[in-house]
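The next block holds one structure in the form of structure tokens; read it before the comments.
Each chain carries a letter (A, B, C and D) given by its place in the written order, and its residues are counted from 1.
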């Protein structure tokens, strides 16, 4: 119990520091931080598949985009008239679009997972990629329904009205940052509870040795499908935040570039860790910005940086930091021990 | 039914398919031997096409000389990539995922490097074969015939080399069972280096052959890499003959589907087939 | 010839071999018996250079080989026939044999060598162009040994050659092992679960339990040892 | 577990130290009224579209240098250009614009050469009261009448198309293939612009979606279009790298009359590809290139003096035009317009256009500066030759927001021989 409290305290401290980050910064940095948090949720959801399940999925971007598109299509209303070529004007409020987008992603995740989770390894990755590409193609081509390549424009700002409470309107990166922070904290809490549950332990057992876990009576397919659906739903949550934040969504959001970003964030940060993907998202957003000192070379440098990091820290940055810290602490303890002996 | 148009589509489909096959075969080599997906394969292909086009169209170098230089640079890039990017992480845990990211980083790097060196403007090459004949109303372009002839020859040589030469057999052996390959005394690291070199040569060859047909720019790699994935998977891992057949079929099916069914979904056919094959025949269509 | 001193091998945190020391002399047949998971295969893989030891020394004819890559070890004459055969299933018998000799460049000599292998295993001669994956279990084992012989070994590491074989074929295999020793003077390190067979063939033996050698000695001595009798011979 | 916690705190602290270092630039004290006018250029300097972006950046740098050599604007204030890359990706465009406005603190923004990019970033710029000039692809109806301080230099799809239809109808064209890629918004505009005009002019239209979503070779699709056997094959495309391939394909397929709706990147490329094809006609939406316009003459001369090369047309000359519209507007308004969009709005609209006498541009109702004419150029004997001017036609009735029922653009519905 005591240990749990200490843990909780750390997270509270971390959240407090995170909450203090955008204070006093200009909107540009606030925007980057907000983007980081949204992408961190997305990376965490991808980490469930890659890190905790130990499987490949190259189709995760589809769920991110589906979440975003659901918002886009359901929230358009009279206010967006003239700004969108779509004939839709459903004008659903936030409390309705949120469950809708999560539900769409959960169903999509369940269906795609059900079909493709019989595969393993690279094959699973490519079959999910196939599904994602099909969804992407349909989004581009069925423009009477999706807005085509120009995307959905004129998504109303995030506005939550609950009875008895003042209306919550988030129209600036600064205010959206705290909303995204709440979502991120929820996601981290949810995943940490999940991994500590019986379900999470079963997943880890499956990751370590699927045959043995299956022999012990773990229904691999059922667990994988469940986890895949959860990951898809969380990706939808990230897409939800993304869509309301930028207030505009294009097929890029479910295209292959968002697969690359997920892969980069999770692997650079550290697969199978709770905070690795968050660090990965930070790096993914901020490092290309740091390279803005040379606008034309920034992606060249970013590509090179990716290679270098993965060669020297193939486990990702977060686990390497932990082990570095380990060594540091150990050495200090050793030194202390020696000093202690000398003083005796 | 307009038969001339049908024949035209078959011709275009097959020549596109030849390009897919030629490109994919290098992916098949790497995927077969190392079990990894080389995302940067498209950029090897791009480097081949760009170096060749730049030398021929901008510098006025002789075709053959340009091709040789492009091949040489391609081999160097392939071997260096293997040495500097893949080998350092070989055998580490999560090797497959790590190489996926490392080669992704490499592909970003190479595409942007090419932009810095040559600019992103497309380079167009005309060769002495860039002419068109129209037997029976079907447009047959000389460059496509060259693609068929040289591409076919390269694929045939590759198959012969793979099945006849000791080195080719070593490559196959490493693909089939890495541990016993080491136990019979095969130097795995050397085989991997050769495999990577070979794959990049094949990518460069396909780049050179495609340059006069498709024009070259630094971002042409990602356009074909997904086709390569489809071919690799549908054919079955490490299956060369299958990859050639599937590549040709993919081009053909896309052209015919685009002509007679729905042109905007022609790309979907490949993915649909890939999904179905993986679900019902996961070892690939052409199991040897 | 082969000398192993205080060898330690880890798989992650699992200590697979603990201070193992043993020796195989010229032309000797030494057997290693032990139950499943005792570390027998790990020992062979370490000798072959597939698995790197955490500490200890493996010496072969006075040269340290524990840091050498596996192909160099093969070229020194230490060849392993791995457990479960590990053939190249999509290649023909002939190709498998050729790959066994992939370190030698002399093809004429290789042909002689193939004939030599066929003299031990006549069946293989009849199935030269069949895919290795389609052979029966016994034939596969023959091919695996044949492939190893193609490399002209001075020391053959045999890992469970009798596994999954019918008793009759097992007897054939035992005969081949005897012949190899007698006619070619090849030293053999034989790993077996079938302790009866192993000790019958061997000059000396070691018993490996959870990574440590617990008993060693001549085959006769082991056959009469209480521990071996109880645990491995089922007497 | 505890060390983990330390690591976390260390990382977060590192982040919080790193974050403020981004976006902190030393501010030099400058005499009030003499500080430079900062203009942000949001361009694609990386990615497949950098062939445009880098050229635009180059042209804009020359423009900035020239203005400064002439003594600057607004009573001697120098102009400072800040290039920020968006790589043609929507959320990167938002980032680049945020960087320009809140970190670089620019007075105005030029760039965002694509519909999706401007749509993603327009609200940010408008809320920050930063005037912006766009010079790329435009959806019909943008900017909206309410968008004070938002400008567009270039073409308007509907006027371009209507002028085009008038021209070809006169030439006796009664059927037309319109081949558009499936990755640009042109496909959307297709139903909104082409179909109403075709109905109006009585032209039979064969819609064709071509071009890659990752297809390296779209000749099968062009072959399909060629088989419609229409009087004119009209290529509509955005992705420049495809133009040479497209033209090669037309040549290969023996299409008799082939025209492009937009300009092409360089004369060299196009001539190299279609040297002998007399049937190929290219309209120039950057009409200035072939017109005797003082601003464009300046552009050609300044570019040649700096680089020794002929000036690239396409978006580059649009960028040049946009820059001058902005600085002349600032001059006329007497302010940069930042924080006071109405002033710059009036300024740009009232600008003397001192170098634009006889300018081939006009204002549209919603506040865009568009070309009055479309210049048609033909390749003759390895050179571009101006063959005529098409006056911009009227807009078709209610083209935007009018969504045609699904199936109208069903590709292949009218395929002959089926």
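One rule holds in what follows: contacts are C-beta pairs under 8 Å (C-beta built on N, C-alpha and C of every residue); 3 or more make two chains touch, one makes a residue touch a chain.
This one's a predicted model, so the numbers in the text were calculated from it and none came from an experiment.
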Worksheet item: Chain by chain, through touching neighbours only, how many steps does the shortest route from subunit C to subunit D take?
Response: 2
Worksheet entry | Whole-Å separation of chain centres (CA-atom averages), subunit A against subunit C | 51
Worksheet item: Using the average of all C-alpha atoms in each chain as its centre, how far is it in Å between subunit B and subunit C?
Response: 42
Fill in: Centroid spacing, where centroids are CA-atom means, of subunit A and subunit D in whole angstrom
34
Worksheet, complete the sentence: Distance between the CA centroids of subunit A and subunit B (whole Å) is 33
Worksheet item: Which residues does subunit D have that touch at least 2 chains other than itself?
Response: 46-47, 50, 54, 182, 213
Item to complete: Among the residues of subunit A, pick out those that touch two or more other chains and give their numbers.
Response: 137, 141, 296, 299
Fill in: Sites on subunit C at which at least two other chains make contact
none
Discussion item. Please list each pair of chains that are touching.
Written reply: A-B, A-D, B-C, B-D
Fill in: subunit C-facing residues of subunit B, complex
166, 169-170, 172-173, 176-177, 179-189, 288
Worksheet item: Touching subunit B in the complex: which residues of subunit A?
Response: 50, 56, 115-116, 118-119, 121-123, 125-127, 129-131, 133-134, 137, 141, 256, 260, 263-264, 267-268, 271, 296-297, 299-300, 302-307, 310-311, 314-315
Worksheet item: What residues of subunit D sit close enough to touch subunit A in their complex?
Response: 1-13, 15-16, 18-20, 22-23, 45-47, 50, 54, 83-85, 87, 89-91, 94-95, 98-99, 101-103, 115-116, 119-120, 123, 128, 139, 141, 144, 182-185, 187-188, 192, 213, 400-401, 403, 406
Item to complete: Mind listing the subunit D positions that touch subunit B in their complex?
Response: 46-51, 54, 182, 208-210, 212-217, 219-221, 223-224, 227, 240-241, 243-245, 248, 251-254, 265-266, 269, 272-273, 411-412, 416-418
Discussion item. If we count contacts the way the header does, which residues on subunit B are in touch with subunit D in the complex?
Written reply: 1-2, 5, 8-9, 12-13, 15-16, 19, 57, 112, 115, 119-122, 124, 126, 132, 134, 139, 141, 210, 213-215, 217-220, 222-224, 226-227, 254-255, 258-260, 262-264, 266-267
